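Please go over the structures that come below.
Two complexes follow with chain A in common, the first pairing it with chain B and the second with chain C.
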Partner chain A sequence: MAGLKRRFVDWLDERLGGGSIEEFLRHKKVPIHRHTIWYYFGGMALFLFVIQVLTGILLLMYYRPTASGAFESVQFIMTQVKFGWLIRSIHSWSANLMILIVFIHMFSVYFLKAYRKPRELTWVSGMLLFFIVLAFGFSGYLLPWNTLAFFATKVGTDMAGFVPFIGKWILVFLRGGNEVTGATLTRFFGFHVAVLPGLATLLLALHLLLVQRLGMSVPPGVEKKIKEGQEPERSMPFFPNFLLRDIMGWYGALGVLGALAAIFPWELGTKANPFGSAPAGIHPEWYFLFMYQTLKYLPAKIFFINSELLGLMGFGIAGAIWVLVPFLDYKTGFGKVTRFFTGLGIFALGYIIVMSVLALVG
Partner chain B sequence: MRIMKRSSNINRRARGCVIIVAVMLWALNAVAAAPPKDSCIACHSTLPGQYGQPAKLFSADIHHQVGLSCADCHGGDRNDDSMNAMSPSKGFRGAPTKAQIPEFCGRCHSDPSYMRKFNPGLRTDQVSEYLTSVHGKRLKQGDSKVAVCVDCHSVHNIRAPSDPRAPVYPTNVAETCARCHADANYMKGYRIPTNQYALYKKSVHAAVLAGGDTSAPTCSTCHGNHGATPPGVSSVANVCGTCHAMNEQLFEKSPHGAAFAKMGLPGCVQCHSNHEIVKPADSWVGTDPKSLCLTCHVKGDNGYAAAQAIGGGLDKLKAAYHDADAVLDTAERSGMEVSSARVELSSAHSDLIKARVAVHSFNAADVLKITNQGVDTSHKAYEAGIAALHERNYRRKGLAIALIAIVIAISGLYFKIRQMERST
Partner chain C sequence: MMSDTGSGKSAAGGEGKPDLGRRWVNLLLGTGIISTIAAFIYPAIRYVIPPPVSESTNLSVVAAKVAELKTNSAKVFRFGSEPAILIRAADGQYRAFTAVCTHLGCTVQYRPDLHEIWCPCHNGTYDLQGRNISGPPPRPLAQFQVHIQGEDIVVVRNA
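This part shows the complex of A and B:
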């Protein structure tokens, strides 16, 4: 068995060239310190993304992206297809879990200042991946074509219409017309299974390449202590030590997903009726709640300007600042931790949590 | 150069003319738009009590809103500021007596060519209909206590019947009739009950109307409005059948239809009462002590057997429906997808409604045919619910096995890492 493995690795080395894979795996190290736990969230997000891809492919075999067939096909998957309920429930739960893990990964990277020089591009590619994950959530939510999804998409795409000058064009582009119809469903299906996966794969490859190229970042506080000799520099090999720990986490995630799918199968609701009235208490998915609640608090007009437009502009500027943080907080790269950006991160996290809770209880 | 100067002068003059014409047109328009003079309103609105009240109320009146004035009903000259405006020579008619009111209103409301100018869809037979009513007949006999147009529609602030503030708007009709009909003192001498309003308020019809359904019956729906007459024994079923058509047809064809007519019993009212029409219960049919069938039928007769069979059929369907509903509820609470079974069960509910209507045929075979169909459908939905619960249990067992396998795998990895790191 060992001989066969050796021969296979040699065979690969001979063809791929550029040094031994084994060598690469042996030399890749993961730092050990009191914040090591946060390193696992990136791998967890990747694992959940793979689950999404696999379950998504299986769902594709039965799903029909038309207004007349979408709801019925998901109903068929949930009731008639062997283990269809499991695949669909895992796909939906895993999507939500992935977004949660991506949020945690993003904030852990932010607070550990892992975006500092020379990892600016890793942060930017990660942020773009984060936006793509949100777009995956938004586009996938409509696909079962149920009442809640229909009206949430209507409200969500209405928001796009508030963008100055090109808002109307974006709205028509997203909806495939002026209203949310079967054309919107087909369009969102295209985004969800072709455009977004393509973009995500490219960005993921870049993100992982940068992580491999630059290695894991050690937080400035820990780095300082190591330099001053107050703490020893410790690490573990990525393979197999770190990877085996990663796999333990993935098994755990699989167990949680299975339990959620079996005990709380993802609801299907009622089929969307474009001529019906919106159900009471309609709200977007939990990861958009903080924006939704903010817009709810704004008055109709602020200085004669539509408040939705102002709200969207505010979030646009905040998002842009967030993406550009490595360049704005460039001093951290030279070992000077700026309290302002730590405070900004705490404010952003607090704001998201408080607004989401208010939306859920209100 | 000179030509250019002259042309500029002509332009200036033309512009001046246009401005003058525009100002004149504006002034003419302002004069035309001003409200016409109305000396009746001008004087009466300053008077106290009964002489001033009509002028104050009139702005809310539908007649005022369509451009009519006091003089259009009462005659006289509204352009004359002197007392001469109310001279008979100016066509002044004054206030009509109560007995004159129907004809007074009918001068316009019975004239189709005049009414067409305001509301082409409005009927013009109200007065002739009124004269066929008990109110109209008694008025002709000299009874001045009976209702005339203004008693129901109000006077000087008459609103369209579609206006929710109008006394004849569906939700206000019962209160309007009750002003007289529920007043025992006022109705003394007519020898008719005065508890109709109190009974009606307890009825299912009043509850539906209060719930906002303005098509639900009120007094005028059954008794008519202008031609208000109590429906006689023979016409009760026709009145109820206007809305409850199926029930009426089945009843008429049933053995009860002919028997009730022969005995002079009012069809629907016999079981459902007239004003206090409460929501019917399934216990009214059958052989329970509450059953209305037992009012006439006794053990051993055909009616008793039919009542027993019909009551039993309804009970069986209700029990089967409730069992299936409970199982599907449990399955839904467990997150199982049972919407197809729900759709199926809704047809059993339709069967229950159909069976309740079919009761009016008093034919056990017809009712049982429907209830048995509903029972079968309920059983199928129940089986689907039970299958969903089995599936739920199967999933949970599968989850337990998968979780055990996952815990073993995680433990194995943990020990492998420990062993690996100890050896290095």
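This part shows the complex of A and C:
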């Protein structure tokens, strides 16, 4: 058996370049220090993404992307198809967990300054993946065609209309017309199952390739201590040590997902009625709450400027700064940790948490 | 001159004169490729913009029956491609407005407890004249005329 394995590895190596697989497995190291725990979140996000792809493919077997059939097809999945409730609930729960994990991954990378030279592109590709994940959430939310999703999509796409010059064009492009209709549903379905997965796969490949080439970042504080000899430089091999720990985490995540899906099956709500009033207590998914709450606080006009435009510009500028942080905070790359950017991160995190909590209680 | 095929730069720049033949080839190739790309992209962009749907030319619609609405209540009905709201105020008078909130396009509802029109999406309110009185809505709701014709309540859009 061992001989067969050896021969197979040799056969592959001959075709992929000398010793590449073994080289790869032997050389990838994961640093050990007091922040090592944060290294697990990227792999966890990847694992949940795989769960999304697999459960998504299963949902595709029964789902119908039309205004007259979408709600009924999800209802059919939930009530008639064997384990349909489980597959759909896991898809919804895993989506939400994935977004949470992605948030944690992003902020941990931010606070540990892992974006600093030479990992700027890893950060940028990660941020693009973050936006894609949000787009996945927004487009997938509409697919069951229920009341909450209908109005969330109406508001979300209406906001896109405030983009200067091309807003109207974006709105019509997203909605497939001037209103949110079955055409919007069909479009969102296309984005959700074809366009976004394609983009995500490409970016994910780039992101992982960069992580592979550059290795794991050691936080500046730890790096300094190692340099000054106050702390030994320790690491563990990625394979099998780190991967096995990863898998333990994934196993745990599977358990959590199964439990959540079984105890709190994802609700379907009521079918969307384009000619009915928006129900009281309507709000978007939790990861958009901070933006939603901000909009609530803005008056109709600020200095004669439409406040939606202002809000949109504010979030646009904040997002752009966030994406470009490795280039703005270039000094960290030379070992100088700038307090300003740490403060900015704390402010961003605080803002998101406070506004989300206000939206939930108010 | 044409022997150095691998590098147009050295052929052109080496002697200080432009190699007209190579520049022409590059120009033609470049224009051809850009035109080809444009010829693919233009139809694709036009394709994703949906064709205009003929707007409902209905200037009036039967919104409800007289017996249907009690005082201090309302009904959301379809008017063309958009929802509209018919309100029977506490004084018994009928009023009709577009139900599309001027803020971000949610569908508004009547609040019998407050005698106001309310948008639950971002907590905007309008009075019974359709004027935006609190919250984020930037403009009043467009008002329609209401006529009673026998048993029918007919809502008419100003042409």
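Criterion: the second predicted complex is superposed on the first by the 361 of 362 C-alpha atoms of A that agree within 3 Å, B and C clash if a C-alpha of one lies under 4 Å from a C-alpha of the other, contacts with A are read in each partner's own complex, and residues count from 1 in each chain.
The working rule: a residue touches a chain if its C-beta (ideal position, glycine included) is under 8 Å from a C-beta of that chain, and two chains touch if they have at least 3 such contacts.
All values reported here derive from a predicted model rather than from experimental measurement.
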item	value
First, second, both or neither for A:277, with chain B first and chain C second	second
Partner chain in contact with A:81 - chain B first, chain C second, else both or neither	neither
Which of chain B and chain C A:248 touches, first, second, both or neither	first
Touching partner for A:179 - first (chain B), second (chain C), both, neither	second
Touching partner for A:158 - first (chain B), second (chain C), both, neither	second
Chain B versus chain C as contact partner of A:308, first or second or both or neither	second
First (chain B), second (chain C), both or neither touched by A:258	first
Partner chain in contact with A:328 - chain B first, chain C second, else both or neither	neither
Touched partner set for A:134, first chain B, second chain C, both or neither	neither
Chain A: partner with more touched residues, chain B or chain C	C
Contact footprint of chain A on chain C as seen in their complex	48-50, 53, 76-78, 81-83, 85, 99, 103-109, 119-123, 132, 135-138
Contact set on chain A toward chain C in their complex	151, 154-155, 158-159, 169, 172-173, 176-179, 183, 274-282, 292, 295-296, 298-301, 306-308
Residue numbers on chain A that touch chain B, as the complex places them	75, 78-79, 85-86, 236, 240-241, 244-245, 247-248, 251-252, 254-255, 258-259, 262-265, 267-268, 270
Chain A-touching residues of chain B, taken from the complex the two chains share	335-337, 339-340, 395-396, 398-399, 402-403, 406-407, 409-410, 413-414, 416-417, 420-421
